[in-house]
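Going in written order, the chains are labelled A, B, C and D, and every chain counts its residues from 1.
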Amino acid sequence: MTSTTLGSVSVDIGLLGKYKGTRSKTNRYCVRSPSASLSQALEVISVEEKSTETIRIGVLGASGYTGAEIARLLANHPHFTITLMTADRKAGQSIGSVFPHLITQDLPDMVAIKDADFSNVDAVFCCLPHGTTQEIIKGLPKELKIVDLSADFRLHNIEEYEEWYGQPHKAPELQKEAIYGLTEIYREKIRKARLVANPGCYPTSIQLPLVPLLKGNLIELRNIIIDAKSGVSGAGRGAKEQNLYTEISEGIHSYGITRHRHVPEIEQGLSDASNSNLIVSFTPHLMPMKRGMQSTIYVEMAPGVTVDDLYQQLSNAYEGEEFVKLLKKQVVPHTQHVSGSNYCFMNVFPDRIPGRAIIVSVIDNLVKGASGQALQNLNLMLGYPENLGLQYQPLFP
Amino acid sequence: MTSTTLGSVSVDIGLLGKYKGTRSKTNRYCVRSPSASLSQALEVISVEEKSTETIRIGVLGASGYTGAEIARLLANHPHFTITLMTADRKAGQSIGSVFPHLITQDLPDMVAIKDADFSNVDAVFCCLPHGTTQEIIKGLPKELKIVDLSADFRLHNIEEYEEWYGQPHKAPELQKEAIYGLTEIYREKIRKARLVANPGCYPTSIQLPLVPLLKGNLIELRNIIIDAKSGVSGAGRGAKEQNLYTEISEGIHSYGITRHRHVPEIEQGLSDASNSNLIVSFTPHLMPMKRGMQSTIYVEMAPGVTVDDLYQQLSNAYEGEEFVKLLKKQVVPHTQHVSGSNYCFMNVFPDRIPGRAIIVSVIDNLVKGASGQALQNLNLMLGYPENLGLQYQPLFP
Amino acid sequence: MTSTTLGSVSVDIGLLGKYKGTRSKTNRYCVRSPSASLSQALEVISVEEKSTETIRIGVLGASGYTGAEIARLLANHPHFTITLMTADRKAGQSIGSVFPHLITQDLPDMVAIKDADFSNVDAVFCCLPHGTTQEIIKGLPKELKIVDLSADFRLHNIEEYEEWYGQPHKAPELQKEAIYGLTEIYREKIRKARLVANPGCYPTSIQLPLVPLLKGNLIELRNIIIDAKSGVSGAGRGAKEQNLYTEISEGIHSYGITRHRHVPEIEQGLSDASNSNLIVSFTPHLMPMKRGMQSTIYVEMAPGVTVDDLYQQLSNAYEGEEFVKLLKKQVVPHTQHVSGSNYCFMNVFPDRIPGRAIIVSVIDNLVKGASGQALQNLNLMLGYPENLGLQYQPLFP
Amino acid sequence: MTSTTLGSVSVDIGLLGKYKGTRSKTNRYCVRSPSASLSQALEVISVEEKSTETIRIGVLGASGYTGAEIARLLANHPHFTITLMTADRKAGQSIGSVFPHLITQDLPDMVAIKDADFSNVDAVFCCLPHGTTQEIIKGLPKELKIVDLSADFRLHNIEEYEEWYGQPHKAPELQKEAIYGLTEIYREKIRKARLVANPGCYPTSIQLPLVPLLKGNLIELRNIIIDAKSGVSGAGRGAKEQNLYTEISEGIHSYGITRHRHVPEIEQGLSDASNSNLIVSFTPHLMPMKRGMQSTIYVEMAPGVTVDDLYQQLSNAYEGEEFVKLLKKQVVPHTQHVSGSNYCFMNVFPDRIPGRAIIVSVIDNLVKGASGQALQNLNLMLGYPENLGLQYQPLFP
C-alpha cells in the first residue's frame, strides 16, 4: 500500500497487482460517521495516516453464525483481512461449503485449531463455545489482539463463573486482564485492551439503556423487570430438535426462566453502574425470527424523577453516538428496523402505574449483540475509527 | 331428527335425506369431557334428551377471522348449524370466495346485515367491529341468544367505555344486562344470560391466572407487570400496511404501550376479583405469527406466600376444567402447543427477586381468546355441554 | 360399551365410569360425509351396528411428526383408541414430554418396540423410518391390520427398492401382499387389505390429479414436468442443521433434483395408470412453512384434447369424494386452505404454449400426505366410514 | 470536495464541515471488484479522476420498497447522494416516519412529485407504478439520467404494452430511446443510455441463464417451462388483504397463471436472444418470505447437446462477472444465500428425462431484481465502476 496523501486511501496502482491468493485488502471504504464530531474526524485522519498496512485477522470457530457474521462485516472493511479461519469439525472445507452465502469472498479454508498458524495473524475474533475458550485463548501468542465472543471472560468474579457454568475458570490471570467490551460504556478502556470480553446479546440490549439511568440515580434498584425476546440465531447453528423450523415457526415461549446464563453478566454490569448488588428479574423468550432482539424493561423511577428525565439522561448519554440511537419521543423501536446493522434503537415510555417507566431497546443479536460490537471493539483496540466495516444500513423489509 | 334414545344422537334414516341446501345438521359428535365429573356427565344426558332439534346460528360479520373461526368450529358441532352469515362489504359472495378454506362446508352466502332475516335464527355470534355493534344488537329480536365478540358490552362502566372508545355508549340498558363471558370464572351467570360480552384475547389470557390468585389474596395489588405477546390475527383481516407480511415477518415490536383498549377490561376484571381499584402495567407486543398469545406476568407475592401456594391455588381453581390446564411444575407453556385449540396452558415460576413470581399463560387468540370461548359460552347459554364443537387438539407442528 | 340402538352411539351410563387409565373411548363423533351418497350412508348404518367395540391402536414410531398426527386425529375418532405407542429413543417418556400439545390426551407412555405388548392391539400405524420397517412388520402378529407410513412396501419391484434405498428388501413376501394406499384410486383393494403401504406425500399430490388423466389417455406420456413444493415437516423431527429455523426461514431451494426417493413411487403409479413405462421430471423444493405441499404439473395434452376435457375428467373422477375437491374453474388452490385437513384441492389451467396444460394440486403433507390418508385407509380396512376422525376443517389463518 | 490526488478519495478537511442540511457525501468507499481485470482497474482510476464531484440523485416514488432499497444501497455509495425524494401520499413526511430503518440517514423529506425541484438533481431512479410513469418521465428535464424501475419502457412494441397493460403508451418516442437494463447482457448500450428501462425481477432471474443458452443454440425453443417463486415484497407496499401476514405466512400458491405481466418482457428478451418468436410457459408462485426469488426452468436441449455444454456456455458467459455466479457443479442455489445482495447464483442440472435439463437461478428480487440492478445501471451510465454501492454480502441467517 503506497497511499501517502493525508487522510486518503488511494485506489492506486498497487491494486492492479491483486490476485487470488494474496488476500491483500482491496475492498475499502473511506468512512466517516454522519454524526462525527470534529475530534472524531481528526482522529480519522491520523488513523488513516498510519493504517496503510493490512491487519490480518483470524476467526476461531468460523463455522458458527457469529463467525460468518464477522466475515460478512469484514468484506467491506478497509484494513482487516481474514487470513485464518478455524473450525474443528469442518476442517479442510471451503467457506463456500460451510457458508454458501460467502462463496464470492476470497477466504481461507477452515483448519482445525490445533493446526492453525498464528504467525500470519495480528488479531483474532474468538467465536468458540464457552468452556473451551479459556484454554485456547491462554495458548495464543501474547502479541495478538483478541476479542472473545464467548462468555468465558465476561464475569469478573471467577467464582460466579464456576457457579453458573459448572466448571472452574481455567485462566483466572487472563480474566483479570480482560476488558468488558460494551463499547459505548467502556470505550476508553477498550482502546487500550489486548483481550476484550465481548458482551452477550441480552446484556448489550439491557445495559445500554439501564447503565446511564442507574449512573444518574434515576431509577430504583429494586424490581427491575426485564422481559426479553430473541431471534433463534442466538442459539447458534448446532442441530437441536428444539430449534428446528417446525418447532419454532409460528410460536413463542419463555425459556431459561431465572436461570439464563446471561443473568450474572447483566447483574454485574448493572451493579457496577449503581455501586450496589443488584438482582433483576430476567425472562428471555424465543421468537420465530432469525435475528433480532428486544428487551422490554419495567422500572420504578426514583422519587421525583419523570419519564422526561429518563429521556434526557439517555439523550445526553448517547448524543453523537453513531450506533446507539434514542428515538423521538413516543416512537416505538422495532427489531425489523435494525436488522443486519450495528444499531441499537431505544426509547422510554411512561407506564400506567404512577412512578414507573417502560424502556424498550432493540438490536440485531448477531451484530450489535455479537459480531458487530466485536468488530467495533477491535477497531478501537487497533486505533481505527470504530465504525469501519459497520456502516450497513438495516435490511428492511 | 327422530332420535329418541336416552343420551344418544342417532345416525338415523333421517340423515339419508340430507342434500345440499337443507343445511340440516349431519356432522355430529357425541362428546364427553375427558375430565368430566359425574355431575357433568349426568348433565350431558339431560341435555341430550332435549337437544334433538337443531339450533340455527347467525354469524354477524362473517368475513373476518373470528367469523371464519366460528364456522370452522361449528363444522363439528352436533347441534348448531349456521343459517345466516352477514358481511356488508362481501354481500352476495359465497363462503368459498371469502374463505376458500371453508369451501367444503355447506354454508349460506353472505348478506348485508340490513337484509338479514332473523326469523330462522336462534342465536347469533356478533363478530362486528366495536362501535357499530351496540346499535345492531339493540335492534335484534329479543328472543335471540347473543354472544358479542366485540368490546362493546365488556365494560360495566359506560363512562369508561366512552373514555377509551371515544364515543358515548349507545345501548346502556343492554350493557346492564350483558354478562361478561370469561367462562371458567362466570360460568353460572353465563348459563342464564341472553347477551354475553365475550372477553378480549389479552384479558382472557391474563385474567385466567390472575383472578384466582387475587381472590385468594396471594399477590399484591401493586406493580402487576404484564408483558403480552400476540399473533397478528388479533388485528383482524383489514388491509393495513403495518400488517403486511413484509412488515411483520422476522420482527417484533411493542405497540399501544399503556394505551391498548384491553386495559380497562383487564383492570375491571382484576379489580372485581380483588375488590379494589387495580391499575396494571400492560404492554402488548406484536409477534411474527398468525395465531397465538402469551402473557408473561410479573407479580409480587403477599407476605409469607410462596410460589407453591400460587401453584396450589391455580391447581384448585382449575381442577377438572377441560380447557384450562396448569402444567406440571417447571414445564413452560408454548403457544405452539395450544394452536387451533380452546386450551389455556399456564404455569407459575419463582423469580430471582425474592418475593416475586412469574406467571405464564398461553392461548390461541382466535379460539380461547375469541371464537372458541364464544362457542363455549353459547353452549352453556343453551344448556349444552360447553365443550361441544371444541374438542380439537392443537395443530402441531 | 353398551349401546345397542341401531345406528346410534349413545352417551350412555357406561361413560360415567370412565376414569384416567381405562382408556375407553369417550370422545366420539357420529359423522357423515356432507357429500355422502345413499349407499355410503347405508354403509354407515351397518358399520355402526357392528362397531360397538373399541379398536385398539398401536402407533409404532410415535415420537415423530406423523405419529403425533395420528394421535391428534384419533382424539376425535369414535372407535379407535391408542393403547400402544413405541419410540425407542424416548422409551419411558409420557406423551406430554414428547409432544406437549397432546398433554390433555389420555395416552400411554412410550415404550421401546422390543418391549411392546401387541396382545392388546388390533391395528397399527407404522411410522418408522424406511429400512428398519420391513423386519419389524415381518415380526408383528399376523392378525394385526397394518398401515405402514414408510416407503418400505410401496414399490412392487423389490429390485427397484434396492436400487433407490441401497439395501436389499428384507420382506419380499410381504411386499407381494401389501396394497398401495392411495385411497381414492385403490379403495376396493384397500378394504380387503391386511397390510397397506401408505403413499408418500409427493406421490399423493401428484397421482391424484394425474392418474385419472392418464387413464383417460388425455395427456401425453412424454415430458411430464413436476415442480413440487413442500413444507419442512416432511423432513421429520430429526435434528439436522439444514432444517433449523435459521436455515429455512425466509428462503427456498430445490433439493434432491432427479434423485428424490419418491421418484420411483411416482413413476410406478403413473406407469400403472398408463400401461407404460413413464419417466417424469420431478424437482422438489423446500418451503419456509411447517406443513403443506403443492405440486405444479406441466403436461402436454393428447391431440385434440382441451383443458375443458381435463377438467371434466377430474370432475368425473372425484365427484362425490369427500376429500378430493376439484375447485371451480380458474380458482387457484392454496396450501393454506387445506392446512390441518385431509383435503386435496386441485385445478387445471391452460398454458400459454398451445396444447399444454398446468395442473395444481395441494395437500397438507402430514394429513392427506401421511397420517390422514393412513387413517382413511385403516377406517376402510376395518369396515368403517373412511372419514371417521378426519372431519377437521382447515386451520386458517 | 477538494480531493485532487490521482485515484484517491480523500477523507479531507472538507468533511469536517459537514452538518445536517448540506447532504454532501461523507460515507464513501474506495472499492474494487475482487475479480476486476486490469482494464477495469484502469477504468476505476480514470473514473476516480473525474468523480470528485457528487452526483445528486432523485428517487421518485420513495415510499415503496424499491425506493427504500435505493436509499439503503446509496448509503454506502462514494459519489451518489440523494437530494430529492418524492411520494405523493406521504408528502411532507420524513424518511424516519416512512421508513424507520433509514432514520440514521440524512435524507430529504418526501415531497409531492408536482412540487419536486429538479434543478439540484443529476439523475433519478423512478420507482413509480406503471401507467403513470410514462408521462412523468416525459416531463423530466432532458439532461437527467433516468433509470425507470417500472414496466413502462420495457417493451419495445408499444402495441404489446397496450395489450398487457390495458392502456395506450403515452410516450412512444421515449420508448424508442429507452435501453433495456439487463446489465450483464446489454452493458455497452447501457453505458451510453440516458433512459434505462430496468428489468423486472422475474425477467432478470430467467434471462440471465437463458439468454446465453439461446444465443448458443444449445436449447430448443419449444416447451421452455418456467416455474418461478417470489417473495412478497415483489407485490409492493400497498395495503392489500391478500398480502397480510395472516394470509401469506406458512402457505404458498400460484398466481397470475399464464397472465402475469412479466410474460411479454420475458418472451421479448428470449425472442431477441434466439431470433425467433418464443412462447414460454411461465407460472409464478408466492412464497412466505419477504425477499428472494427462484426460477426453476425446465428445457429441452438441442440434439447432441449435453448438460456439460450448457454449464460451459454459462461459465463462459459469466466468467469475470462480479454479480452473476455459476455455482460449482451439483451445488444447488438457495435464495437465502443471495438475500440483501446484488448476486444472481445459478446452476444447471441433468433431468431424468433424457435430453432435458433443469436450470435454477436465484436473486434477491429487491436488489438484482430491482434497485440493485438499477444502481448497477446508473453507475455504468455515469461512467463509474458498476459495483459502487453494491458490495453488500448476503445477510445470512
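Assume a contact is a pair of C-beta atoms (placed from the backbone, for glycine too) under 8 Å apart; a residue touches a chain by one contact, two chains touch by 3 or more.
Remember, predicted model here, so these are calculated numbers, not experimental data.
Peer 1: Need the most distant chain from chain D, centre defined as the mean of C-alpha atoms.
Peer 2: Chain centre farthest from chain D's centre: B.
Peer 1: Can you work out the whole-Å distance between the CA centroids of chain B and chain D?
Peer 2: The mean C-alpha positions of chain B and chain D differ by 48 Å.
Peer 1: Whole-Å distance, chain B centre to chain C centre, using C-alpha means?
Peer 2: The computed centroid separation for chain B versus chain C comes out at 33 Å.
Peer 1: Approximately how many whole Å separate the CA-defined centres of chain C and chain D?
Peer 2: Chain C and chain D have C-alpha centres separated by 44 Å.
Peer 1: By residue number and range, which residues of chain D touch two or more other chains?
Peer 2: Answer for chain D, listing residues that touch two or more other chains: 65, 233, 246-247, 249-250, 288-291, 334, 336-337, 339, 397.
Peer 1: Looking only at which chains touch which, which shape fits best: line, ring, star, complete or other?
Peer 2: Graph shape, chains as nodes and touching pairs as edges: complete.
Peer 1: For the complex, give me every residue of chain D touching chain C.
Peer 2: Answer in residue numbers: 222-223, 225, 227, 229, 231, 246-247, 249-255, 257-258, 263, 279-283, 285, 287-292, 294, 296, 298, 332-337, 339, 349-354, 356, 358, 360, 362, 397.
Peer 1: Could you please specify the touching residues of chain D with respect to chain B in the complex?
Peer 2: 65, 232-233, 237-241, 243-250, 288-290
Peer 1: Which stretch or stretches of chain B touch chain C in the complex?
Peer 2: My answer: residues 3, 5-12, 15-16, 18, 20, 26-32, 34, 36, 38, 41-42, 44-45, 48, 65, 68, 71-72, 75-76, 78, 96, 99-106, 233, 249-250, 290-291, 322, 325, 327-328, 331, 334, 336-340, 343, 345, 391-397.
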